[in-house]
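Below, each structure is written out as structure tokens.
You will see two complexes here that share chain A, one where it goes with chain B and one where it goes with chain C.
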Partner chain A sequence: MRTKLIAGLLLAAVAGSVVFILLRGRAPAPVARISRDGVLLEEIDLSQVDEPYSLTLEDDSGRNVLSVERGRVCVSEADCPDQVCVKQGWVSNGAVPIVCLPHKLVVELVGTGEDLDGGAG
Partner chain B sequence: MKKGLLWVLLALCTLTGCQKAPEPVEATTFAMDTVMDFTLYGDWDRERAKEVRDWMLERLGWLDGKLSATKEGSDVGQINRAGGESVEVGTPTAELLSQSLELCEVTGGALDITAYPAVKAWGFTQEEHRVPAPDELEALAQSIDYSAVRLEGDTVTLPEGMELDLGAVAKGYAGDVLAETVRASDIPSALLDLGQSTIMAVGTKPGGAPWRIGVVDPAQPGSYFAVVELEDMAMGTSGGYQRYFEQDGETYWHILDPDTAAPARSGLASVTVVSPSAFLCDGLSTALFVMGLEEGAQLWRDHPELEFEAIFVTEKGEIYRTAGLEDRFSLAEGYEGREVVVLE
Partner chain C sequence: MAGPVKGAGRTARLALLTAIALTIFLAEAQLPVIPIPGVKLGLANIVTVYAMFVMGPGDALMVLSARVFLGAVFSGQPMTLIYSAAGGALSWCALCLLRKGLSQNQIWLASPAAAVFHNLGQLLAACAVVKSWAAMAWLPYLLIAAVAAGLFTGIAAQALIKRLNRARK
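After this line comes the complex of A and B, so read on.
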């Protein structure tokens, strides 16, 4: 009886692992990871976005408005002086994150299914 | 029989568990006017990797404090405010200055570390942009001259009115210094992202595959057009799209031509340099951007001892790469149809 139970549990574990590995190899599910000064603020699963929406991130350093759509994200508005984050436009792959230096805000995409380790530019 | 099944299942569990990659030790930090990301794989001893990471962050902060033109009490700040007097600097500052002056010479002044007054005049330091008048630019261009910098040992003398800016080379230099630390600590694989435009790859990825780095499409900075594979190699990109402002329908970017003290218009949109030295990648990508395709390609042909390869993207979107990138360069998804001209 006990052996059966253990066998059952192990079987479930194996099945779970197999499903996990299969899922991992399937269509990419990009996640936007938003952090300020190294602290994670928000994670958005971009494959689950049905309606485009915007998200305002504000603190003492300033304000950034993020536009979120299925599979992609951009900073549509910011009150930083250089506007580098806004000029970068839509990001849908994980090569280079959106960085707003004056506000220490970083938006990086992970799990885009592209096997890149980093980006230059 | 049942026991046998148990063992098989157990073995399967272990096998699937093996798929997991070793956990890296990571760090994100704001330094040298950018955000940097370090990933260290030292799975044999994670605690040791953490120690190395903390030491790297400390070292980086120290270098930033010495090499920044804007930070109070930095070596560069002291040189700039010395009014023509000699200043004794730290050995790393002197070392970087010596390397930089050599590169300024090799590039015929396309890289010039004395362009700081011009950078300030355009407002790129404070992000309060303005377009200087032609006579102001002429005066600024006349005062840009790396050959006027005197370096004897750790003593630097700069003529009054001139100012240094190591912004084009400091990140790369930091990359080389930090990579040395990583290697000396027997960490076999690490990726040091020194703020998007400069990347240092130590060793390979865990498992032996090369690091795969995307190169940003200057026409669409949210995408990358190519992938370069790196193994114990650095890479640096300079592009007009990275920092710029618009006024009266004109785009003015932050890479200035030392000859005119105005944004460099050489027909290029971005230059990427691949070499074992991050310093060289950083400084040379700026210089080649200023020189343009023809002159830049000639520099590559004339200086094999510099051991660098390059990717040029013109403002029209044409892609050129040097022959040595064969097997390490590929076009990214969505760009497969684009023509790549190989420079020999």
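After this line comes the complex of A and C, so read on.
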């Protein structure tokens, strides 16, 4: 009985996750919201970007260089030891944010209407 | 099942388990990294599950915390300690509850559940570090990975316990 309950909960968690992943990538998310240590640094409407450019974010903890293009963004360079944010590459939908844990930096793509989606709050 | 081991025998056994877990942990760290942050097989948790079900929660906690601390030091990434410790604490709590509810042949099921809580704890720690809930978007990916990896280590732990029990007879 307990076995069935545990197995059922695990199965439900996996099924729920699959549905969530499939739904979340579809919602339009043109705004890149960049925050560090919970403070909003910058908001870029990626649909309005004409020329690709790079943006350097630097503080005591370290440096991240962002590449911004129309509809997508990535961390092209960082001086953190793990390079997880760089390896993640281009992000063009709201499925998952770019997170640089050593520098407490978060780059998430959100829709234009979402003002309080777990951002700078 | 072996009865509770006391004194020097217990200390030696704890040290042995910690050494095995640490070796597995460091060997696994040499494998190529999976592109989703925080995802790995977690082979060292075979030892955690073994310690929890054969030796008990207290001993399991000692082996787990020693391995997590030394693993962070030896791998040269002390910052990862926060995430492993948070994940380890939550998964230890889950295992404590599962220990009562599962029979000897259902131990394999404890591992995926514990892995889910490990990844949840890891992610909560990450959210606390960056002070944003945005990182929670990784949760569905981490849940799927946790169940898959947990099943693998769980079945391995089950086989290990069964064979060691047979060897002791």
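Here is the rule we go by: the second predicted complex is superposed on the first by the 82 of 121 C-alpha atoms of A that agree within 3 Å, B and C clash if a C-alpha of one lies under 4 Å from a C-alpha of the other, contacts with A are read in each partner's own complex, and residues count from 1 in each chain.
In this section, a residue touches a chain if its C-beta (ideal position, glycine included) is under 8 Å from a C-beta of that chain, and two chains touch if they have at least 3 such contacts.
Note that the coordinates shown come from a computational prediction; the quantities given were computed from them, not determined experimentally.
Q: Tell me the contact category for A:Val91 with respect to chain B and chain C: first, second, both or neither.
A: first
Q: Considering only touches as defined above, state whether A:Val99 meets chain B (first), chain C (second), both or neither.
A: A:Val99 sits against chain B and chain C alike.
Q: When the two structures are overlaid on chain A, which partner does A:Val65 contact: first (chain B), second (chain C), both, or neither?
A: neither
Q: Examine A:Val31 and indicate which partner it touches, taking first as chain B and second as chain C; both and neither are also allowed.
A: neither
Q: In the overlay, answer first, second, both or neither for which of chain B and chain C A:Val49 touches.
A: neither
Q: When the two structures are overlaid on chain A, which partner does A:Leu41 contact: first (chain B), second (chain C), both, or neither?
A: Touch partners of A:Leu41: none, neither chain B nor chain C.
Q: Could you tell me if A:Cys74 is touching chain B, chain C, both of them or neither one (first, second, both, neither)?
A: Only chain B is touched by A:Cys74; chain C is not.
Q: In the superposed arrangement, what residues of chain A touch both chain B and chain C?
A: On chain A, the residues that contact chain B in one structure and chain C in the other are 3, 6-7, 10, 13-14, 17-18, 21, 35, 37-38, 81-82, 84, 87-88, 95-97, 99, 101-102, 104, 106, 117-120.
Q: Which residues of chain A touch chain C in the complex?
A: Going by the criterion above, the answer is residues 2-3, 6-7, 9-10, 13-14, 16-18, 20-21, 24, 35, 37-38, 81-82, 84, 87-88, 94-97, 99, 101-102, 104-106, 108, 117-120.
Q: Which of the residues in chain B come into contact with chain A in the complex?
A: It is residues 2-3, 5-6, 9-10, 12-13, 16-17, 19, 28-30, 33-35, 37, 126-128, 191, 193, 196-199, 205, 211-218, 220-224, 227-228, 235-237, 239, 241-244, 270, 272, 333 of chain B that touch chain A.
Q: Using the touch definition up top, name the residues of chain A that touch chain B in the complex.
A: 3-4, 6-7, 10-11, 13-14, 17-18, 21, 35, 37-38, 72, 74, 81-82, 84, 87-93, 95-97, 99, 101-102, 104, 106, 114-121
Q: Given the complex with chain A, which residues does chain C contribute to the contact?
A: 35, 37, 77, 79, 83, 98, 101-102, 106, 109, 112-113, 116, 126, 129-141, 143-144, 147
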